[in-house]
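Both complexes shown next keep chain A, but they swap its partner, so chain B is in the first and chain C is in the second.
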Partner chain A sequence: MTFDRAISRQLHEEHAATLALWGRVEQSLASGAHDAALMREAAAALAGEIERHFEFEETQLFPRLAAAGEGDIAELLTEEHAAIRAAAARFMALARDDPPRPELRPVAFELAERLVSHVQKEEMALLPALDDLLDAHADRELQLAYAS
Partner chain B sequence: MFANVAKSRLLPMSLPFRYFGAAVAFNVAAWALLLANAGELEGFAGGLGPVFGALHLVTLGVLAMAAIGATLQLLPVATRQAVRALWAVKLAWWLLVAGAALFAYAAATYRVLWMGPGAMAVVVALGIYGVLLFLNLRGARGMRVVVAHGWAALACLVALAATGLALVARYEHGLALDHAAFRNAHLVLAAYGFMGLLAAGLSNFLLPMLAVAPPPPARHSYVVLALAVAAIVLAVLGWTKAGALLGLAAAAGHVWLMERSLRARLRAPLGTAFVLVRVGWACLLASLVLAALGGMPALFGLLLVPGWLLTFLLGVLQRIVPFLASVHALGGGRPLASSLTPPRLLAAHAMLHLGALVLLVGGFAVPGAAAGLAGALVYGAFFVYVLLKVRHHDIRPRHQPATA
Partner chain C sequence: MKRQSSALQLRPLAPGDLDAVVALDAPLAGRTRRAYFERRLGAALRQPELHLQFAAVSGQDLVGHALARVLEGEFGRTRPGLRLEVISVAPGAQRHGVGHALHAALEDEARKRSIGELRTAAAWRDHDMLRFLDFLGYALAAGHVLECTVRGSALLANPEPARDTADVRTLSAKDLEDVVRIDRHITGRERRAYMQHALDEALRESGVRVSLAARVEGIMAGYLMARADLGDFGRTEPVAVIDTLGVAPEYAHHGVGHALLEQLLLNLEALRIERVETVVEARALELLGFFYGAGFAPAQRLAFVKPLAG
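== the complex of A and B ==
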């Protein structure tokens, strides 16, 4: 998938990193391994993702999507953020334990599926829409806002 | 041309799901009709009768129905265009359901005078869909590979409707035409043209999305599309073997591109759905090999329709239905697609459907059709399961436009 706007490309790269990391988490759990370091890495990445990536989308991007007549997609993505935050809070609490508790496994699987499904929708609906909605000036402004 | 443009690219849940539900029901009806007349399968050479009726229950009732439902929801996402008229989507569904049922019934029972109204209803439904597809593609942005496949499929749809009406006019009014040539063109345009190109185009976008994999390189997909279009033109003009060989090259290229994309996926398990998708691809290749060799029309038909198109569609649909249901969900903590996917039911369906194919190809018509019917019923149970889960969790459509 290629995108015209720099902010779309940046979010796309972050999505790819998320998918790669959670792919590793899923494979590790499916193999029955207890990789506490990987779980802590995933928890740390998740904290950053939720604080920065989600908040930026909710404050800067979803309102633009809604203003362009795609309010239901913005609403859907916002609801998914809430569900991911709830699952992430449970995962981050459980990931601190070494060795991991058995409850970590179903929570991690749920979170992986929620993240993958969410990324799929943003890649299909949000990022292409940004390419249409943003001009070069708005793209630069959003890049600066995200960097700060 | 059409007023009442949908505000969003996300259609109300009831619109794609009415098409999927009808396809599931027609799938049961087709296998039941085949089972009741399994003895006629062996000698089937394309004339009217129950096997012809069952064939058109599948092609019109299942394949076209589900393809329209899926593309009406997926193309707006791929092309960044909202559907132009929700009322037209509903009208096309009513016409297609009534037309497919009437046409298949009339053909199965040799009531040729009833075939005309059924065919007309189907052609009007496909015409409405064709206009919606045209409007969508005309304003399309992004995903140029999908759009290019869409234009080619639309051209085939127009030619398909024309050849279909000509064939019905021959049965009803004795229109003088080269029946074999028109029948051959109709088959190629329907299976490899409209359905095949639509499936290939959406595969470029949908399968990588479902598998979390990179899409195939666009320039390779364009080469495959050009080969496929050239093959279809050759076959329609009567150069069947040359068309089949070129089509085989295109199909092999398509499968190679998709497999290369799937190998680079980020999630390991592909699930039962992709078993069906891969069997579908194998049957596509086998059908083209058989077309190039010539002969064995019954085996060719089995490989082409239930083997490739139906198997591929049922594989993809078992991923799309839970995905779309979860997208439309409200309440219940936004269910995951996996919570709307019954793995045992789908595994049972896959075994029954693939068993039916093996039995039919092996010449065991009655047990093959029985397994096919059982598989279709299990697939129906899967669809009902998703609907019940949606109801149970108080999941309602996200939005219903005020007017449609």
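== the complex of A and C ==
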């Protein structure tokens, strides 16, 4: 996928990293093994993603989409963020335990399913919409805001 | 709508059924699919005209569910159909007519909506499902199910990418008029409502829709739409289904279709979707040739149809 705007490209790279990490988590869970280090890595990455990536989208991008008449997708993605946050809170609490509690496995599966689907949705709907919506000036503004 | 068969009650699925649906499905699918069912139930609430979903309840327990989606213009269709995507019965309630009752509820509702047929697909090795579909009166459909593995596909290995022949981008709402115009040239029909729904779905629906437009010197030359959702037809691995493909007659045989397909495979690879599938009518020889030439092969799945008597 190719995107014209720098902010779209940056978010795309982060999405790719999320897909790769949670693909590994899914494979590990499907194999029946318990990789405590991988679960802690996933929990740490998730905390960062929620704090930075989600927050940026909700405060900077979704309001712009809504103002441009794309409020439906902003609303849908916000709902998905809320569901991911709820599952993430459960996962992060459980990922600390070693040996793991049995509840970790279904929560990790749920989170992998939610995150992968959410990223796919953003790649196919949010980022192309941003490419259409933003001009070069707005793109630079958003890059600065994301970097700060 | 309510039906009663001894202690069995049928009613539309409701958001409050989610936990029970997920619990019933998990042992059958081998994993929990909460997000999938949550999306499907949410989509039915937002677009009830496109979704039929029933629960079978015995006493306080949900013992089965069925999910189906209305087909509009997918796969070149000319009349509405209903695609059965999920039908599950709890192990303890199987062989007691629950699946049959759920399917009958779908049929009744389809007739009320003037839908003329039900369609579905199943793996040819899924003997229990094949027996069940036979029992329900399904017959083999005329279409061929074709598939292609995304990673390592022949098309992506081509040293001279076809996508260099056209500028392929994500389809957006502003492309609607061009898509409707090309589709009208190809099919001779006005399918604005279907195309509008398909475009809206990319932005607002639950599953992932990958829709692409190919432009040559700034002019729309073709489009492709595919939909991916983990869970339909008992699948537990991600598969994208191409349901709409059109190339303007004046750009036929100029590599536009291959350019669209290549870009789709690249996008799916980035999204970690491993296979792509489509259904082609048996008599659409040119389209069959196109997909076979692009590296598609017969899928290990069969397409079924059940006409509904008025």
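Definition applied: the second predicted complex is superposed on the first by the 148 of 148 C-alpha atoms of A that agree within 3 Å, B and C clash if a C-alpha of one lies under 4 Å from a C-alpha of the other, contacts with A are read in each partner's own complex, and residues count from 1 in each chain.
Everything below uses one rule, namely that a contact is a pair of C-beta atoms (placed from the backbone, for glycine too) under 8 Å apart; a residue touches a chain by one contact, two chains touch by 3 or more.
This structure is a prediction, so every number in the text was calculated from the model and none was measured.
If you put the two complexes together on chain A, you find that chain B and chain C bump into each other.
In the overlay built on the shared chain, the residue A:Ala83 is in contact with chain B and with chain C. Within the superposed three-chain model, A:Val116 lies in touch with chain B and with chain C [touch as defined at top]. By the document's definition of touching, of the two partners only chain B reaches A:Gln27; chain C does not.
By the touch criterion stated above, A:Glu141 is placed in contact with neither chain B nor chain C.
In the superposition on chain A, contact of A:Ala125 is made with both chain B and chain C. Shared-chain residue A:Pro106: touches chain C; no touch with chain B. Within the superposed three-chain model, A:Gly71 lies in touch with chain B and out of touch with chain C [touch as defined at top].
Applying the stated touch rule to the two superposed structures, the overlap between the chain B and chain C interfaces on chain A comprises residues 1, 19, 23, 30, 70, 72-73, 76, 83, 110, 113-114, 116-117, 119-121, 123-125, 128-129, 132.
On the chain A side of its complex with chain C, the touching residues are 1, 16, 19, 23, 30, 70, 72-73, 76, 83, 106, 109-110, 113-114, 116-117, 119-121, 123-125, 128-129, 132.
Considering their complex, residues 7-10, 77-78, 80, 141-143, 209, 212, 214-215, 266-269, 323, 326-327, 333-334, 336-338, 398-399 of chain B touch chain A. Chain contact summary for the complex, chain A toward chain B: residues 1, 19-20, 23, 26-27, 30, 69-73, 75-76, 79-80, 83, 110, 113-114, 116-117, 119-121, 123-125, 128-129, 131-132. Listing the residues of chain C that touch chain A in their complex gives 31-36, 38-39, 169-170, 172, 174, 202-204, 208-211, 228, 230, 238, 266-267, 270-273.
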